[in-house]
Amino acid sequence: MSGRPFAVGDRVLLLDRKDRRYLVTLIDGGAFHSHAGFFHHADLIGQDEGCQVRTTGGAAYIAIRPTLADFVLKMPRGAQVIYPKDLGAILLLADIFPGARVLEAGVGSGALSMTLVRAGAHVTGYEIRPDFAARAQENVLAMLGADDSARFSVTERDIYEGIDETGLDRILLDLPEPWRVVKHAASALAPGGILLAYLPTIIQVAQLREALVDSPFAMAETLEVLHRGWHVEGQSVRPDHRMVAHTGFLTTARLIQAS
Amino acid sequence: MSGRPFAVGDRVLLLDRKDRRYLVTLIDGGAFHSHAGFFHHADLIGQDEGCQVRTTGGAAYIAIRPTLADFVLKMPRGAQVIYPKDLGAILLLADIFPGARVLEAGVGSGALSMTLVRAGAHVTGYEIRPDFAARAQENVLAMLGADDSARFSVTERDIYEGIDETGLDRILLDLPEPWRVVKHAASALAPGGILLAYLPTIIQVAQLREALVDSPFAMAETLEVLHRGWHVEGQSVRPDHRMVAHTGFLTTARLIQAS
Amino acid sequence: MSGRPFAVGDRVLLLDRKDRRYLVTLIDGGAFHSHAGFFHHADLIGQDEGCQVRTTGGAAYIAIRPTLADFVLKMPRGAQVIYPKDLGAILLLADIFPGARVLEAGVGSGALSMTLVRAGAHVTGYEIRPDFAARAQENVLAMLGADDSARFSVTERDIYEGIDETGLDRILLDLPEPWRVVKHAASALAPGGILLAYLPTIIQVAQLREALVDSPFAMAETLEVLHRGWHVEGQSVRPDHRMVAHTGFLTTARLIQAS
Amino acid sequence: MSGRPFAVGDRVLLLDRKDRRYLVTLIDGGAFHSHAGFFHHADLIGQDEGCQVRTTGGAAYIAIRPTLADFVLKMPRGAQVIYPKDLGAILLLADIFPGARVLEAGVGSGALSMTLVRAGAHVTGYEIRPDFAARAQENVLAMLGADDSARFSVTERDIYEGIDETGLDRILLDLPEPWRVVKHAASALAPGGILLAYLPTIIQVAQLREALVDSPFAMAETLEVLHRGWHVEGQSVRPDHRMVAHTGFLTTARLIQAS
């Protein structure tokens, strides 16, 4: 993906001098407007990543392809997204592997979906809000292209009412009452399958863990992921003064008895 | 992968009542010995994941396929491994995508290698210690099988002396003096490519960041990953009393000007 | 206190080469026994703090007066103590000032009591277990001496049944069901008074905070105190590999309406 | 201190509905002006703490005496203050006791000074900036009153040039190059005395720790203090989304050999 010059249709991340970031899709005849004039998309087309471009008013931007994390933070979203710090952890906690059959419920804007699909999984999404479902599909397509996106589909349905699929490898939940899914998940997962839930409050975690106790799931674990950024500039080496202290709790469990 | 009964050659994770974990490879005629007698591997072969097995002395074990994280923590290792908490973060920070051409220097026991390969990358490893190189290759093969492992190769060489590859997408470093690699990396990476270094001490981080300042790399960032585990058992809902407070610092930067 | 030579009756902290620590009270004719012989207390008496002493077998110890934190970690205890990291925070959160009239319920081994008394408060302790009450009084006396300890008294009683005192400045609770004390505390505190509770689980915190909502208390706040230790030795500058990740949650509130 | 009605000269903390806080000194004929009209200080005088007052435009405020922590965050300051989370930790780490003879260098706005004095210490401040020295003295007087403030004095001098005092119990440093004070501190402290330094960057910490290695100080320790706030409101129980991730590193050491 790196090493290819910018072309029409590419997503480009623009960074200004103050490290503010803008996500742009290159189009024929397009222009990027800032407080200090504009530049034509044509100025970037054919250029290598990492090139610099200037607006008519002299503001300089570095142009680079967005990482998945950049894209997640800048893509159109209706729902709160799962942050990159949690996405990375989920790949390991839910042990996502190529070819894994994954059910994701509560796809939101598709941040987790694109992470799973890119890691090689076949992802079926359940989403009760049609606007979210549509946006997730657009975002996954925009980030991953048509080929990879073919491993992602979303259905507009309520997972609390049941799961059609069986023999799934993993079920990932980003919804308010995952304890209502435990029973369905026990039937839908293959033996050894992993259930993972992302939850904003510890009260929800306690309720989920309670439901897991009387279930065929074992090895239940809950953790939080914290990223502590550092300011490193000459002699000024210290943690950042502020940090994101909370997004959600991640709970996992494995199916150990056939239901 | 889930859903398939245990067969000869499979890796199996055994959990006892106290959540102690043992990694076993099933072999014809094999047996697992504990303080309370033994059981035959044959007792597991043909069984589903999540089944329970008992030793002659009555000790019960749950048998399950290890996740990559389980495997990393239990596999044979000569060097300190990069922990699962950092492996997940690296996938996002280094933006590993299918087909990415990745150079990894300091492969150690192969924990990072297998994570990258599983995520779809083509990984070339540089490792100065032949014993580490050999073990890494064995571990990757054991975890991922022959097909995926074909995307991994290790050369016994010193990256401080230079990099042969060009047009790389990512370079990942787990070695003591990554600042000696910055210049080589600037030539070997494609524009927009990402350099990531894992470093145990903040003094090393400061030295690397210094080297990045006068380089064609930009967007340098350093962070630490912390996983805070929770104890959730009925009314007893609280963080674990102790946690891993440090493994290493992760520093990333992107190549923005052709060197 | 510093600068005075060791005398009979003094508490002394002994540190060996491996930084193991022993708390000793100097007595006439006393001796300290180790795996490598012994030394006589008389060897320390009359010496300055920070001196070195050797056992008959050649093991060297540095002798120093214990800080309050050292004492808390080494003193005889029946109950779990509140850790120094929390004691310091409590002094600020509960805004302990000289002459403050403080009620402390659940005195345990007296760690918090001695911290409050040393900061100048007049402390009345409620403790239902007579053995704890006795030990707390001994520990406070041992750490602070007779003069300061005169500002501390313990009664064997159950605070859930009510509080006799009125016009208190602060009430500090280290007991399982502080929500049962909210009503009593509202009557016992002077206007503007502070209630503080130390609680091991977040479920207890939620229940306390619920009780505070329908009460004459306001400005309720809950936090955790984390101390992250660093290993600093030449070039090896990094956080400690492990840390205490949890002891308890601290919740405070202020009385804003006369009950 | 609690339980006494408001009087002229009192500091009052005003909280509005959105928990914004204002520090006011009650004066004869004074008024508090807001976006929604004003109220007269006379409306508060004679009232109990925790009372409510309304402006002419109907904005309601709770009036309460500031804690030391409230005062530190709202008092007039020229320099960056040491935060309450660190002040509490310092009381324990530096083992501040009543009557302790403490030297504080770099008094800044007096936040640490007032904390030490309130804990019973006799504090001599060294401060090179006369404006800081003056403000610190005003702030200590404002927070603690004339009696306690008598235990605090500031001299305008540079501690890098030496320390006049001897037999000190503790030396606390909030200045950029504490390693230049180590030698002076070794002469000025009594045996067993404690040196504590507050430093914003880890590079400074490394340099200080280096200086302590070849010194008569031992038991050197460095840590960071983190306060993690919780949002607790009905079912919404979770850590705050953002937190203060860094202020400074605290390093302590004890004098063990006469210099």
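By written order: A, B, C and D. Residues from 1 in each chain.
In the analysis below, contacts are C-beta pairs under 8 Å (C-beta built on N, C-alpha and C of every residue); 3 or more make two chains touch, one makes a residue touch a chain.
Values in this document were obtained by computation on a predicted structure and should not be read as measured data.
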**Message:** Using the stated contact rule, I'd like to know whether A-C or C-D comes out ahead in C-beta pair count.
**Reply:** C-D
**Complete:** Interface copy of A-B among C-D, A-D or B-D, with over half of contact pairs matching by residue number, is C-D
**Request:** Would you mind pulling out the distance in Å between where the CA atoms of chain A average out and where those of chain C do?
**Result:** 46
**Prompt:** How big is the gap, in whole Å, between where the Cα atoms of chain C centre and where those of chain D centre?
**Reply:** 21
**Asked** Which positions in chain D touch two or more other chains at once?
**Response** 202-203, 206, 224, 228-229, 237
**Message:** Give the list of chain B residues in touch with chain A in this complex.
**Reply:** 1-3, 15, 19, 48-52, 62, 64-65, 67-69, 84-85, 87-93, 95, 97-100, 115, 118-120, 148, 167-169, 189-194, 202, 205-206, 209-210, 216, 218-230, 232-234, 237, 249, 254-258
**Request:** Using the touch rule from the top, collect the residues of chain C that touch chain B in their complex.
**Result:** 200-204, 224, 228-229, 235-247
**Asked** Can you name the residues of chain C that touch chain A in the complex?
**Response** 202-203, 206
